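As structure tokens, here come the structures.
One chain, subunit A, appears in both complexes that follow, with subunit B as partner in the first and subunit C in the second.
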Partner chain A sequence: MATQHSRSAARIMMAPAVILLLGWMLVPLMMTLYFSFKKYLPLRGGDLGWVGFENYARFVSSSSFWPAVSATLMIVVGVLLITSILGVLLAILLDQPMWGQGIVRILVIAPFFVMPTVSALVWKNMFMDPVNGLLAHLWKFFGADPVAWLTEVPMGSIIMIVSWQWLPFATLILLTAIQSLDSEQLEASEMDGAPVLARFWYIVLPHLSRALTVVILIQTIFLLSIFAEIFVTTQGAFGTKTLSYLIFQRVLESQNVGLGSAGGVYAIILANIVALFLMRIVGKNLDT
Partner chain B sequence: MGRIQLKQITKSFGNVEVIPPLDLTIEEGEFTVFVGPSGCGKSTLLRLIAGLEDTTSGVIEIDGADATSLAPAKRGLAMVFQSYALYPHMTVRKNIAFPMKMAGMDQAEQDKRIASAAAALNLTDYLDRRPGQLSGGQRQRVAIGRAIVREPSAFLFDEPLSNLDAALRVGMRMEISELHKKLETTMIYVTHDQVEAMTMADKIVVLQAGRIEQVGSPMELYRTPRNRFVAGFIGSPKMNFIEGEEAAKQNAHCIGIRPEHIDVASEGASWSGVVGVSEHLGSDTFFHVHDTGLADTITVRADGEVGITSGDRIYLEPRADMIHRFDDAGLSL
Partner chain C sequence: MARAVTTKRKSINTALAWAVGLLIFFPILWTVLTSFKTEAQAIADPPIFLGFDWTFENYSTVMERSNYMRFLWNSVIIAGGSTILGVIIAVPAAWSMAFVPSKRTKDILMWMLSTKMLPAVGVLYPIYLLFIRLGWLDSRVGLVIVLMLINLPIIVWMLYTYFKEIPGEILEAARMDGASLKEEILYVLTPMAVPGIASTLLLNVILAWNEAFWTLNLTAAKAAPLTAFIASYSSPEGLFYAKLSAASTMAIAPILILGWFSQKQLVRGLTFGAVK
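Up next, the complex of A and B:
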């Protein structure tokens, strides 16, 4: 791709894809921006004209705004911590030669194929139900009072459900990374006198850093917009209302498209701030 | 220190016995080379000594103490791997410092040893680079540096030069030999290149299928190979083997003569044939001679400037005192 000619040819050939993607992105973005400056109430009069920054001011000054931002960040951080730590441990475990390795690996990957709505429903009704849930039975078996998970520890429960869904993804990527570690490096460090933990810390973990970065970045993108799990379980009650859920409420429950659009723009800003931080912290791992 | 003794060592992977019972003593300060064809168990033997593989049975003694079940790090040996096995995310300095850091050595001593190792191996300018930014030869030197700073009682090398190009290999060969002269530490060196074995070793151990075929100094193996395998393996180009009538004349099942021990003579000499391929190296010329009635091809070494070309008839005279005789089991007579 060095010559002038091949470069312009490349541009022409990439154009359809670029235009399609831009359209895909730009049209909704423009519409969001457009509506965010309007008073638009579909069931109560429709388009009521331009209102400047009023929607933006109202969205932030709402008492639900900052709690929603913090709930969003809590879920993202909590799930990232659990999936990366457990993911590394599980990947190491699955890398050990053991009986029935193939089946165990498939079982570990399985949760990733379950739709978020379904998995949240299964957790809510089969595990966390305070009367009939498996966890309630387990608690009763040991003579303890069953916990009403979704009302008593709502945030913890949602983080657990989401982590369960994303753990396979993290494990899978980290497992392939671990398998690509040169065994001679481990043997060399063994000869150099590094005990097991030092080998993990100085050899395995640095080797995994790039895969961990990918896991963290990809998960963050999806976790920032988490919705189904909350909709199905707490409906945003008990302090689990995330930014995306708040926007949903503004648009669909309050039928205020303008206000919701302003929230959408805030969500974009939040995502960019988070992305900026993440790239600062872990992005350098992608360079080399 | 650094005397290593293997007593009745065996190693099996599952049902496959890779090393049948084997005895070997490596004396202190000796440069020992394990040489043999691919898959004969050289690496396995080295890894047994290093402690990276468990022995199936037998005893390994280092400096007179039983080390059979000692952890690799406790044996006081350092190993240089074929793939160098440098830590890619650490700088050269940290790579070299790693074993000392693990041993909890104080920083001043570490810095001193790194500086002297880097000076000895011409690495001073590269200390802050990562392995990925070094050439193959430099990486090899870092791997050696990492081994030196531990001041081990013996060095183990597993085909350390096989990833380098020919010119660099010759250079590194010299450097390792010089290192051995300077440190006077025991070194065990695995290779399948018999030229490396001949040029570097104090003692060569020739292996085949896990068995020791012969142990001795390079010239001993060259002059008095114990059997046909060693005779064929040591020396380049290979020894010529002749069976049948010609061998029977000498009361042997098979006779062997090295290319450098056959002279190009004039008409009336013992053997004659037609020159096939000839390899001109400048200093020497190697002729592959066909139609001699002795063997498929006979390889002959001649002077560089000899005026014989492909297709010519050539007359050969073997030096009678340089002929090796073998019985039908392949053992020297």
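Up next, the complex of A and C:
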């Protein structure tokens, strides 16, 4: 059993990690809060005094706020739908007996390891370019007019790129969950003559529900703050300016730190709401 | 699954799975292939799949033109440095939480996880400002520290779940035999923890290598890693597909190979033990 001695040693060993994370969390957070109540323009006069909640009100009432909210929601919901539906199907497929399962798994998982700037640039130029992109060639081959993907269907294109990056993640986690499914239960239901769809609906899907929830929550947290994909492809043009990209522009491009910080506080609150649900699931698992 | 299946069904599964797998992998394959073409062949109409003259010219051009080695070296230092530093700080913390748990252990773990949820953009300016004050802007030191901090929760969590699996009785036995805390860690725990630590290192090198918010916003020229190097290709001039492909291939190849070894750890590390 743990002695008094080992308890205090444990505390000392935990200290560096705890102190560092505490600092990493509190210092920038306090600064963001502080700036959010100020009129602060580093390039045009600097600190121009306290303004109360004006930044918060201005951020929400600016003409780019609601479009940014809807762009963010579209990307998050679109990618979640695509990756979780295809992820479930793909996980079931990969769980079937086949030849070369290991290699197929490697092929499917690969996009997750591609750095975001590379995948965005490769898709933008080599696939979605209206003149030289591979999709343009494919369209022409079937007699259709090539599409300027990133200007004509910018949102769809970005959802497509991001889904390609995150589908492997969803698949891998769902596959891990499916492999822990009791095969005897499935066999029994198969012998009882349950049709494939019923087996999927009443046995597989309930078994996957927790993994699916985890996939959705973790992806939501990452998707709320995607940056590189937009930075490299549209720079926020054509209605693809997400909330986090808008904040980035306010803070670094137009150097309106007060306004951007108020936006940052909104983003933090939003992420925390999602995080709360995720933490509940993870916490439950910690007890068992 | 230990079910008997007909060869026919297995063939159908195989064909379907391979088709989907190749489709998903295709953009990467196409990039690698294009990197060996000439610029003219890269944009040929109709596209050439395999019947081109393989050339390594793009690789040498990219390396000469853009100080590729410096970006690569920055990536290695930043990803490697932040991971090693993170593991050094996390091992004692995870060790004590796994073997000397207290009532607050769970709360501390959950709190650490919550710091990972902080959206980067929400603290962009403070970090930017601190970096200017500390003279860390466009420096590798600064990025090593920031990436260490953003991955520290994952590192602690992964190590914790691995350490949890080491039976506590062995440690007790060592203690009975009169091993000191130092000996206990060095001779009993470490050998058993090596696989877990290695997996943690691997996954976090991957995450740090691909990180593309702080690396893009806090670097300019000196400390920019490969993420920024690739982003600099976003405004094209003239023919450049083959060179873009060569640069991309070089940027993703090392991590793709590491990644294939770390599939299992990926699940554990990214779901915080919620899916096993």
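Quick note on the criterion: the second predicted complex is superposed on the first by the 252 of 288 C-alpha atoms of A that agree within 3 Å, B and C clash if a C-alpha of one lies under 4 Å from a C-alpha of the other, contacts with A are read in each partner's own complex, and residues count from 1 in each chain.
Operating definition for what follows: contacts are C-beta pairs under 8 Å (C-beta built on N, C-alpha and C of every residue); 3 or more make two chains touch, one makes a residue touch a chain.
What you see is a predicted model, and the numbers here were worked out from it, not measured in a lab.
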Partner chain(s) touched by A:145 [first = subunit B, second = subunit C, both, neither]: neither
First, second, both or neither for A:264, with subunit B first and subunit C second: second
Which superposed partner A:207 touches (first subunit B, second subunit C, both, neither): first
First (subunit B), second (subunit C), both or neither touched by A:187: both
Partner chain in contact with A:198 - subunit B first, subunit C second, else both or neither: first
Subunit B versus subunit C as contact partner of A:123, first or second or both or neither: second
Broader residue contact with subunit A after superposition on the shared chain, subunit B or subunit C: C
Contact residues of subunit A, present in both the subunit B and the subunit C interface: 187
Residues of subunit B that touch subunit A when the two form their complex: 50-52, 71-73, 77-79, 81-83, 85-90, 98-99, 102-103, 130, 132, 146, 150
Touching residues on subunit A, where the partner in the complex is subunit C: 2, 6-7, 9-11, 13-14, 16-18, 20-21, 24-25, 27-29, 31-32, 35, 90, 93-101, 103-119, 121-127, 132, 134, 137, 141, 164, 167-169, 172-173, 176-177, 180, 183, 186-187, 210-211, 214, 218, 221, 224-225, 227-228, 231-233, 244, 247-248, 251-252, 257, 260-261, 264-265, 267-268, 270-272, 274-275, 278-279, 281-283, 285-287
Subunit A residues within the subunit B interface of the complex: 182, 184-185, 187-194, 198, 202-203, 206-207, 209, 288
In the complex with subunit A, residue positions of subunit C that touch it: 1-3, 5, 9-10, 13-14, 16-18, 20-22, 24-25, 27-28, 30-31, 34, 43, 45-47, 89-90, 92-93, 95-97, 99-100, 102, 106, 108-115, 117-130, 149, 152-153, 156, 181, 206, 209-210, 212-213, 216-217, 226-228, 230-231, 233-234, 236, 241, 244-245, 248, 251-252, 255-256, 258-260, 263, 266-267, 270-276
